[in-house]
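Common to both upcoming complexes is chain A, partnered first by chain B, then by chain C.
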Partner chain A sequence: MNMIRYTLRRLWQSTVTVFIVLTAVFLLMRLLPVEGYFKDAYDKMQPEQRENILRSLGLLDPWYIQLKNFYAKLFRGDLGQSIVYRPKVPISEILSAKIPYSVKFGLTAMALSLALGLAMGVIQAREKGKFWDKIFTAYIVFINAVPAAVYLIFTQLYVTSVTKLPILFDRTKPSSWILPAVSMSFGGIAGYAMWMRRYMVDELNKDYIKLARAKGMSSTAIMVKHVMRNAFVPMAQYLPTSVLATISGSIYIESLYSIPGMGGLLVDAISIQDNTLVQALVLIFSSLGIIGLFLGDVLMALFDPRIKLEKRGGAR
Partner chain B sequence: MTAKEEKTISAIEEQELFTFAEFDEEASERTGYSNYSYWGSTIRVFLKNKSAVTCLIIMISLLAFTFIQPYLPNQKNPITVHLDPNTGRQLMNHPPSKEYWFGTNSIGQDLWARIWSGTRTSLLIAIIVGVWEVAFGIAFGALWGYVRQLDALITEIYNVIHNIPTTIIMMLLAYIMRPSFKTMILVMCATGWLGMARFVRNQIIIIRDREYNLASRCLGTPTSRIIMKNLLPYLVSVIVMRIALSIPGTIGWEVFLTYIGLGLPIDTPSLGNLVNEGRRLIMSPSLRYQLIFPSAVLSLITVSFYIMGNAFSDAADPRNHW
Partner chain C sequence: MSEPILSARDVVVKFSLRGQILTAIRGASLDLYEGKTLAIVGESGSGKSVFTKTFLGMLDANGWVDSGSIMFEGMDLAKLKTEREWLKIRGKKIAMIFQDPMTALNPLRTVGMQIQEVLELHQGLKGEEAKARTIEILGQVGISDPAMRYHQYPHEFSGGMRQRVVIAIAVACNPRILICDEPTTALDVTIQAQILELIRGLQKKLGLTIIYITHDLGVVANVADDVAVMYAGDIIEYGTAEEIFYNAQHPYTWALLSSLPQLGIKGQPLYSIRGTPPNLFNEIKGDAFAPRNPRALKIDFVKRPPYFQVSPTHYARTWLLDPRAPKVEPPATIKAMRAKYARDAI
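So, the complex of A and B:
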């Protein structure tokens, strides 16, 4: 009962957030200069022509009417039309061609980072202070400290020249899938490994582990049944976010390897100032983030019965 | 106890088992006094971490060099376009040489001077953002934690903002404003303080009602003194760490925003701009130095600050003191 109440409350909160964000984004986009709606023809046009175009786009109406129209369209699933990127093409059509690429790459990278990252964390915790722990820690520090753009560019440059893998993505060449997917998982690997190591080091010193050992449980059984299982609970919170984030794709990887996905599209849309496309993408990305957090909180509450649902930590 | 053991013990004379100790006045005082000092221990633990100390030394020398570099003799202006003395045309993509230590870029500007000028710009942004994060974060967090009537309202606002991906907030703000130094700082300042405010709020809620604060209040200690003496010491270590870690963070965001085309205007050298300029030339191997030099300086700075920040946060944790 408590669970349902919590879920509903959290759902309400997320819905309100989505509406606030949609409204804020829409209104912010109205602050932009109108040149963005004309492709390159702005200077050549007469003022009346400009006005006609703006009127036909509904941009001369007062803001609350625009907002109403925007929501009315959104409820019909209409995200508007692209202006510069592919003029007059519905945005939903552009996106539906892009999403599969981003999701495929994203899911591959996620699987890789989970498998490698967790394994790395477990090795580190068991070899604490020894050779592999130090090597992997250096990797984690490097990935966390150096901006992703820098190490991704260098990976693309030097790994392709050493391994002879293709430098750009090509749908027809399976080998061109490897490097983007692998380099997309670098950050995830570091994150999961760091988390797993810290968690396991903390947990292995606790009394219940000592008890398990004292009653004669094998190390492997302790790992699998106690430590790993508990370690997964907080991870459940971030899983939906990571899965949903695959839809928005990786901005760096997709633009570096010219993969026709969502992240690369955002960079293109910004550089050519296609306002409606930027707006649609921002709306989608932020909604995905909000939904991910909602699902994560609910999943976590489901997994861990110890979490007290109504009481907020520390607040009196 | 076995009979054998009993025998052995009774064989030892009572004199040997129990003797009176001399009363030592000094020793009795030693137990009641602790020479523990928070900052002393923090610094001691930090100095024991060799890689952090190395980073600290690298960082201090690098920072000092960055800021005195323009005043050294024979330094070039970062935005002057150099001309080839033989042809009188722009000295484009001149490889590293005695005259131009890091070479010149695609329009003939000295890369060495540009890198240090860029480092100054990026560090300046990072420091402003870090200080803002801490100052505003603490002020907001203190309000949030101390004023009970505001707690529910601010928590709701926090939940809304916290739910939106940081990337999106920054991108959107940078997109609707004109690219400039001010825009950059404004965009970076927009989100970072949230985490700090939340941390301070939680600390204050935990510490606020502890007995020693209650006792202070009953004894009539003014609130300002309670905050200074009882609350702030808990936060100082975190504050220093946040500033240290916000430097690699802010530089990273700057590179990101520049990469997607929303960075500083191109005539202002910054680490993000330099890396991005270098990236455009990667297809010709002989020009890769224009990517490698800025990336190397940038990585040195971010990694050093990251290691130092983390080492400091470990050192500042009293559980790691002895």
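So, the complex of A and C:
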């Protein structure tokens, strides 16, 4: 019961946050100089021509009218049409072509990073200071220290030449999915391994592990029943956020393998001042981010009994 | 006197630390008798905890029993190597409770599950049966409404209650020996007495043999039948509580007792032992306490004293007990204690 009430309250707060973000971005976009909407054509147009175009886009209305129109459309489920990126094409059409690629790659990479990263972290914690710990630590340091572009390009060039995997993405060839997905998981694996190792070592040094040993539990049973679960709790909070972050697409890897995904779209849209596209993307990304935080909190509350969901009256 | 249930002989424990070898226990011996309570006292770092951890095979990974024997139920525990062998002893035959109950329980699992785990592990109980037994044990250690408490988490318990849960875990399998590593140090005084009382009650009921590790001589006087005094990794005096308190022989025991505020003489500054314990990285020559002992003899710096027998139950490792030793006067507090003891004996 408490859980439901807590969830609903957090959901409401999250929704409000999304709208605040969306409104702020909407207004900021309106502060940009109007020259941006015309790109190179600006100088060639007569002032009346420009004014006509701006008026037809509704950009000459006072900001509150624009905002009202935007929300009125949004609540009807209409994201509007692109104005610069692909003029007059509905935003939903542009995005629905791109989102599936980013989501599929993101989720595959996420699954890989989670499975391999957590396994690596567990092995490292168990073998702390020994061979595998050192090897995996070397990997983590490498991934964090070397610029991503370097090892990603090397992966693309050398792995393809060794394994005969396709060098560019081609949606008709399933084998061309492998490298981009693996490349996307490099960082995640290192991150999860590092945190899992760290949290597990933290847990292993706690007193309750001593008591569990004194109880006569085998070290494997202690790992499974006590350490792994407890180490997972601090990670649970960040998990959804990172899942959703990978869904939004990897700018670099998508361009490296020419995957028609969402990565980089937001940056492009802002630089060409495609207001409607920016608004739609901000809506998506901020929703993802906030849903991530929300799910993280709910997961934490589910895993950790010490988190009390209702407000306490006064001091304990 | 009956056969001891656990008998440690000349146990040497070493640790490898940053490439150096540290000798934490230097040939300590100990006999433990069924149903009795032994207190091991000594200052921090004297090896009290390490010594008893060898009975459970719970030394840290960089430590090992170098030589000596620990006989228990016809087995030499010092020879056990694999975890599998230890699992038959730990928690089942010999159990241990630790100093800080606030951190000794897994915060994410219910109290009931943490006790039940032991029962499932060692007694093969399952499901409802294990649960019923767990609730019964919770009741036994003085937790009210155990059926409700079974489902609660450690953070819903106070410090004293948590220590009761830790004790419940330790006694769940009716171990023969219970090692209590400073069980009351982290608790406030009123709770301390309750916990000691609880342990005493369980001892009577279950026929436990108990080892207390403590530096609180007040606790010792309260609970112990026998006392072993440890200094620098060695048991330097061993006897019944009465013998140690009223007829101490080793200069270190004298010093320890003299620094008790309760035994101090009014108007005089409280005694404190000068200097620091020896560095265990170095080899210790002679009596380890000699450098801090104002009454040290010449031989104390040269040759390690053997155990001298004072009574059938009382041994001390000091050259003062050698017939050739000069007569050395103990400090005033010790003399007062002895006099009081002699008076009471008549």
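Keep in mind that, in the parts below, the second predicted complex is superposed on the first by the 260 of 316 C-alpha atoms of A that agree within 3 Å, B and C clash if a C-alpha of one lies under 4 Å from a C-alpha of the other, contacts with A are read in each partner's own complex, and residues count from 1 in each chain.
In this section, contacts are C-beta pairs under 8 Å (C-beta built on N, C-alpha and C of every residue); 3 or more make two chains touch, one makes a residue touch a chain.
Keep in mind it's a predicted model, so treat the numbers as computed, not measured.
> Of chain B and chain C, which one touches more of chain A's residues?
Higher number of touched chain A residues: B.
> Quick one: classify A:207 as touching chain B (first), chain C (second), both or neither.
Touch partner of A:207: chain C, not chain B.
> Based on the superposed arrangement, let me know which partner A:153 touches: chain B (first), chain C (second), both, or neither?
First partner only.
> Applying the touch criterion given at the start, work out whether A:225 contacts chain B, chain C, both or neither, answering first, second, both or neither.
The second partner, chain C, only.
> Touch test for A:216: chain B only (first), chain C only (second), both, or neither?
Second partner only.
> Quick check for you: in the superposed arrangement, does A:76 touch first (chain B), second (chain C), both or neither?
neither
> Spell out the part of chain A that touches chain C in their complex, as residue ranges.
206-208, 210-219, 221, 225-226, 229-230, 233, 303-306
> Per the contact definition, I'd like the list of chain C residues that touch chain A in the complex.
Residues in contact with chain A: 56, 58, 83-84, 86-87, 89-92, 95-98, 100, 103-110, 117-118, 121-122, 153, 155, 166, 169-170.
> Taking the touch rule as given, give the residues of chain B at its contact with chain A in the complex, in rising order.
Listed in rising order, the residues of chain B that touch chain A are 151, 155, 159-160, 163-165, 167-168, 171-172, 175-176, 202, 205-206, 209, 248, 251-252, 255-256, 259-262, 275, 279, 282, 288, 291, 295, 298-299, 302-303, 305-307, 310.
> List the residues on chain A that touch chain B in their complex, please.
My answer: residues 13-14, 16-17, 20-21, 25, 28-29, 31-32, 141-142, 144-150, 153-154, 157, 251-252, 255, 266-267, 270-271, 278, 282, 285-286, 289-290, 293, 312-316.
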